[in-house]
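As structure tokens, here come the structures.
Note that chain A is present in both complexes that follow, paired respectively with chain B and with chain C.
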Partner chain A sequence: MKKFMPAILFTIFAFSMIIVVLRFAPIGDPHMPGYADFVPSEMSKKEVVEHADSIALHYNRHSPGDTGALDIITATIFDYRAYDTLIETVVLFTALIGVLSIIGTKET
Partner chain B sequence: MGTAKKNNEYQTSIVVRQVTRMMCPFIMIFGVFLIVHGHLTPGGGFQGGVAIGASFILYALAFNRKDGRVAVPSYPLKCLASCGIYLYMAIGIIGILMGYHFLANKVAGIGPQGMFGELLSGGALFWINLGVGLTVACISTEFFYTFLEVERPENYSKSEKKLPYKRRWSDVDKNDPFQN
Partner chain C sequence: MWIKMILSRIDYIVTVILFCIGLYALIVKPNLIKKIIGMNILETSVYLFFIAAADVRLGVASHLWAGPSEVTAEEVAHAAAGHVALVNPIPSALILTAIVVSVSVTAISLSLAIKIYETYGTLDTRKIMTLKG
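Let's look at the complex of A and B:
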């Protein structure tokens, strides 16, 4: 029994992962969950682009007015996700402190 | 004769050194361009900071470590790296002081609010890019020079005094209260 336990567990996990992958929405579909959660499913693609207010479409449409930045990527990572970038910088700084505390030589 | 003797101090060829001497200012200017134009073009604080750090790293690779360390001493680098994070957090706290949430940008009315698409626009994004660029440039440079200054393992087994470590594993084991 102990021999076949990894095989059984592997089969269960593999099947569950394959089922999840098969239930994915097609890429680029505006009705995909996460892309447009509250878009009514009877709307066509053109109507979605014009009327729906999902997160991704909101960023595309309102990022110049919200942030004043021309580059949407900068507007996203430095304004909408500014906490993430702040902690990312702090993580880099913490890595430097760790390196200096282990292999740092004398103060110069 | 004097120049020939001086050239022999370095392990790299004269072509590498002269090209590095010409290219370093342009790499730095490109990094500053990436940082300052972070809200207009692709790029930003991280990329520009790494470009500035790469110019110092290239200098150390083409010449030697001591020549590069004169330009970028350790203590100012560490101070500037923290100053970048302080600038980022100060921008966030200004958002609170103006009556909005932490890191509020456009609604708080911070900084240069020029025409859309100009250099002096973007409000807090301009200063945040500057802070992140300063931090990343200093940290990448300091990482490289710190790893260069570590002595090789085949060297530091000869004499105990040459060890770069302040604390060694033998000391830790000796003073470990959980050992006994």
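Let's look at the complex of A and C:
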């Protein structure tokens, strides 16, 4: 009984999370949080794309004119959020310093 | 009704199952390498959740919408005016940051595991807890 206790607890946890997840908008719905979650749900996808306004739709509409990058993810990463991408290297170098300080030195 | 409700959210359910598998391995498994593998599975489930939430069905993927070679100025203007449904680009950009953090955490964890193995001669946490010095 003690052996199976974690599995039972994680199954209960998984089912409670699935119950929460089933209340989300279906996959592929434009009324997702961050895309067009504030427009009425009876609006069709075409109307949402033409009339709604959010930060994602702003990026989708204006990234060619703003940045000149045709790839919208590239425009988001390297132009709108360039400082995020730039300071990300600090994370990598901190990890490198950590790894080198743990196993990089020879035992004497 | 229930089948349709579940099938339209199957990505989220797979995400939850992967999350629970990763958390189970992270907490229950005694081997440190298996704990790190579980942590990676858990992070992968979070990536899948974000990418599934970014999808717009029958929308064009944000990095494919014009194609690298055959794009014209008219198509750019057409998409910029909002006549084409495009996938949400922000989760893809966020997940890139999350992947970098995940790689860093995995590197630190594996180097600590190497050091623990050198010192104690085992990776089993039950044995490490009983050892002194």
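Quick note on the criterion: the second predicted complex is superposed on the first by the 80 of 108 C-alpha atoms of A that agree within 3 Å, B and C clash if a C-alpha of one lies under 4 Å from a C-alpha of the other, contacts with A are read in each partner's own complex, and residues count from 1 in each chain.
The working rule: contacts are C-beta pairs under 8 Å (C-beta built on N, C-alpha and C of every residue); 3 or more make two chains touch, one makes a residue touch a chain.
The structure displayed is predicted, hence computed values, not measured ones.
Visitor: When the two structures are overlaid on chain A, which partner does A:99 contact: first (chain B), second (chain C), both, or neither?
Guide: A:99: touches chain B and chain C.
Visitor: After the superposition on A, what does A:91 contact: first (chain B), second (chain C), both or neither?
Guide: After superposition on chain A, A:91 lies in contact with chain C alone.
Visitor: Between chain B and chain C, whom does A:83 touch in the aligned arrangement: first, second, both, or neither?
Guide: First partner only, chain B.
Visitor: Using the superposition on chain A described above, determine whether A:59 touches chain B (first), chain C (second), both, or neither.
Guide: second
Visitor: Looking at A:17 after the superposition, I want to know if it touches chain B, chain C, both of them or none. Which is it: first, second, both, neither?
Guide: second
Visitor: By residue count, is chain A touched more by chain B or by chain C?
Guide: Counting contacted residues of chain A, the larger count belongs to C.
Visitor: By the touch definition at the top of the document, which applies to A:71: first (chain B), second (chain C), both, or neither?
Guide: both
Visitor: I'd like to know which partner A:27 touches here: chain B for first, chain C for second, both or neither.
Guide: In the superposed model, A:27 contacts chain C only, not chain B.
Visitor: Where on chain A do the contacts from chain B and from chain C line up?
Guide: 64-65, 70-71, 73-75, 77, 85, 92, 95-96, 99, 102-103
Visitor: Over in the complex, which chain C residues touch chain A? Could you list them?
Guide: Touch list, chain C to chain A: 5-6, 8-13, 15-17, 19-20, 23-24, 27-28, 52-59, 62-63, 65-66, 68, 71, 76, 79-86, 88-93, 96-97, 100-101, 103-105, 107-108, 111-112, 114-115.
Visitor: Considering the complex alone, what residue numbers of chain A touch chain C?
Guide: 6-7, 10-11, 13-14, 17-18, 21-22, 24, 26-30, 32-35, 45-46, 49-50, 55-57, 59-62, 64-65, 70-77, 81, 84-85, 88, 91-92, 94-96, 98-99, 102-103
Visitor: Can you tell me which positions in chain B touch chain A when the two form their complex?
Guide: Interface residues on the chain B side: 38-42, 44-45, 69, 73-75, 78, 81-82, 84-85, 88-89, 92, 103, 105-106, 113, 116-117, 121-125, 128-129, 131-132, 135-136, 139, 142-143, 146-147, 149-150, 164-165.
Visitor: Under the stated contact criterion, what part of chain A meets chain B in this complex?
Guide: Within the complex, chain A touches chain B at residues 64-71, 73-75, 77-79, 82-83, 85-86, 89-90, 92-93, 95-96, 99-100, 102-105, 107-108.
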